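Each of the two complexes below includes subunit A, the first together with subunit B, the second together with subunit C.
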Partner chain A sequence: MAPAKAPAGHFSILYFAAASTYTRRASEHLPAPVRARDLFALLEERYPGIGEKVLSSCAVTVNLEYVDAGGDDAEDAGRVIKEGDEVAIIPPVSSG
Partner chain B sequence: MVAVIDSLRQQIATCEATLQDLHQQLAEAEHNQRQQERVLRKTKPLTTDPLDHDMNFGVPDDFRSEVFAVLDHEAEPQEQDESNKLGRWPLEKNEYRRYGRQLIMPEIGLQGQLRLRSSRVLVVGVGGLGCPAAAYLVGAGVGTVGLVDGDVVEESNLHRQILHSSARVGMTKVESAMVALNSLNPNVKLIPHILRLTPETAISIFKNYDLVLDCTDTPASRYLISDTCVLLGKTLVSASALRIDGQLMVLNNPPSPPGDPTGGPCYRCVFPKPPPPESVVSCGDGGILGPVVGVMGVLQALETIKVLTKKATGTEPAPADPPTLLIFSAYSNPMFRSIRLRSRKAKCTACSAQATISPQVLESGSLDYAQFCGSINPIDALTPQERISAESYAKLRSGVNPFTGTVSNKDNHILIDVRERVQFELCSIDGSVNIPFSTVSITPGLSLNPNTPSPGSNDMYVDENDWATQLRQTEKPIFVVCRLGNDSQLTVKKMKELGLNYGGKRFIGDIRGGLQAWREKVDAEFPEY
Partner chain C sequence: MATTEPSSYAADILSEPIVKTTETIHVELTPHDLDSLAATRFVRSPSAGATVLFIGTTRDSFNGLPVSSLAYTSYPPLAINTLSTIAQAILTKHQCTKIAIVHKLGECPIGEESIVIAVSAPHRQAAWRAGEEALEETKAKAEIWKLERFEGGDGVWRANRDGVMGVKIDEGGKKGE
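Moving on, here comes the complex of A and B:
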């Protein structure tokens, strides 16, 4: 299940909990570079509806660090996701 | 219930008798030990003692008496202490024994144990997370543990909620947990709060505790608990679990006042927006593996012990660990990932200088957490003509179509069961066909042109369109059933969107109340899960 190292020109993206349910996969590789502000649009294109149903409430991390990537006014909107980076989509789990 | 009460009374009586017996044995053993020590000092050493020769022949008499005088002197205060029970030792004798294995660790030690004993911890939710968390905290000797829960124990809780028992099904979770925790460690003071937490009551309950564990199961309670902890300056140990995933955070640590940027982030800093209500899945609907939620609860207890026993460096209070979000994913490799979180969000509505949430706002009840997190209305997507009761469907299978009056049987219609495959495999109505709702829901409706698949969708949708193609090959009426009668309605709508009803020529409808109604009204043997 551990994603293989991203091939040249790609980054890895991990989907947890509801994100994994929605995309039906735990991880994949996507072409790099991508600006953080464009990440959600890229995912919406691949998985129609994911933006509203999953991403709107998710935490996003790059290389195990929390980033504020949602929307143009987000703190890290200008950050660039580079080749070899590991991005994670982490929806809040609220059950217990 | 009477049987439960009787059984509990009997258990308590038995335990009390055992306890009394143990006290008796302890007193006797202690008495014997004292006697023995006295005798040893006064009588000649045994000849097997290697010191025997030296003590009896090799050591000058005056030195010998000096040594014994010192030994006797040392022994005296102990005897006095034992007689008047005044604290020569900071912990009780039984506490040294009970907590010995953690006391000898430098991370805890005497100071750590004393901190635990003087701590008051609130566990909100006594379910899959709260049970293991409370068990370890009570085991470790936290002085006071409060328990909040309004639910009663159900049989389907027992695979993961380890404090409850088969005999206590129907008892409140708080009372059931107290029975188990009391027998685990009677030194801990337990405080029951048999209620569901509300904005109006949260502050008055939380203010009597030092630290709070969020072991609840809804987004609304998570925001309420976090906000209350921020307002009262309590550190919050928050965990959650669903299916095979878990999350853990130590929030508001250190618990500086709102607006103080040195404080730890709160739940809103990490998840400012609640998930859309229709995407929120409970353990009842989504499932939960016992050890997954157990791991998260145990980790909550661990983080709580770490926070409570943190050593001060000199006069300064110990700095809090940097905030992290621990992700547990039971079937991934690695199973754990630790995410570095940021400090408080500059615009957080709860803990920043721009916070709008105040104790008054909370206690007035004007902050509607249920509304903030949204709620799903019961699905009512179909007209009465598109729905059939379980009884009518049973009659239809046995011969008479209640709509047309014509003779019918289970072969001249199609029964589609839209539960997920794993549930379908547990039990299903004879002759039904499984098309999981997850497949139905991602099939694009006819609003999308089927000839131009949406970008990137080619690997997702091809197979799933097959079900619609197959249903087009007959004109038999379609009945749709699910677990409770919600997904079945949405499926009927989707089938009509896809034109499977041939413009109204073919009947497509659902079974009202789903398999639950089928079990209640038709087939009592149909398994409940």
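Moving on, here comes the complex of A and C:
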């Protein structure tokens, strides 16, 4: 399930559940660096409509920690996704 | 929110269980059938007078629609951390003795166990409350997703917080009706 290590100058992004359905892939490598608050805009360019349809209800993790990709959180506003990072798009969960 | 999967979708297969165990906490994601007796045995303790066991099984319908099959997928390294954090918080809050949370991944036939939670505590009130809260917290937070396939139709990614069917998209990722 974990993708191959990202090539130089890239980060890995994992798509789960509805995000995976929409992108039609489980993971890919994208060029780094990217500001966390620009991530959703970048994905909207690649997958038109994903923002409203999927991302609006998703959370984002970077290296297994939740970050605020909406850009409203002062602490995460300047956060940068770097080469080699593992980013994940986390739709609303449904265990049990 | 929910989107559809073609009925050919196959969940990522986890070949081996992922486990995190301490003296008092056992959390596990597994592709195998769940063993509720093993979870119960893990939490048994001479200092605990009560053990509560919850077994969640997959239902054959959603809002009256027949579900033909189910599969769970996960982000295992994150989900195991989340389960571990939940288990630790429950132990502390309810002063329980031990806790086990085990969730199934991959295909899960209708009517079979998808989650097992066992909690032990000195007295029954704490064990009841802890068991219920552990389940609710897991359903709210663990990074696990359920795909329900309906008879004669595509699959739908469930979202626990919605409690409704959700909106569908077609395969091209375009907005559907």
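Everything below uses one rule, namely that the second predicted complex is superposed on the first by the 87 of 96 C-alpha atoms of A that agree within 3 Å, B and C clash if a C-alpha of one lies under 4 Å from a C-alpha of the other, contacts with A are read in each partner's own complex, and residues count from 1 in each chain.
Note that a residue touches a chain if its C-beta (ideal position, glycine included) is under 8 Å from a C-beta of that chain, and two chains touch if they have at least 3 such contacts.
All of these numbers come straight from a predicted model, not from anything done at the bench.
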(message) Which partner chains sit in contact with A:Ile50 here, subunit B, subunit C, both or neither? Use first/second/both/neither.
(response) second
(request) Look at A:Tyr15 in the shared chain and tell me whether it touches subunit B only, subunit C only, both, or neither; answer first, second, both or neither. (result) neither
(request) Have a look at where A:Ala26 lands relative to subunit B and subunit C in the superposition and call it first, second, both or neither. (result) both
(message) Using the superposition on chain A as set up above, list the residues of subunit A that contact both subunit B and subunit C.
(response) 1, 16-18, 21, 24, 26, 47, 53-54, 57, 61, 64, 88, 90-96
(request) Give every residue of subunit A touching subunit C within the complex, in rising order. (result) 1, 14, 16-18, 21-24, 26, 47, 49-50, 53-54, 57, 61, 64, 88, 90-96
(message) Show me the residue ranges of subunit C that touch subunit A in the complex, using the header's touch definition.
(response) 1-5, 12, 14, 56, 72-78, 81, 103, 114-115, 135, 138-147, 157-162, 167, 169, 171, 173-175
(message) Touching residues of subunit A toward subunit B in the complex: what are they?
(response) 1-2, 16-18, 21, 24, 26, 45-48, 52-54, 56-57, 59, 61, 64-66, 68, 88, 90-96
(message) Considering only the defined contacts, which subunit B positions touch subunit A in the complex?
(response) 125, 127-130, 215-219, 222, 239-243, 245-247, 270-271, 273-276, 278-283, 286, 288, 293, 296, 325, 327, 329, 331-334, 337-342, 438, 444, 454-457, 460
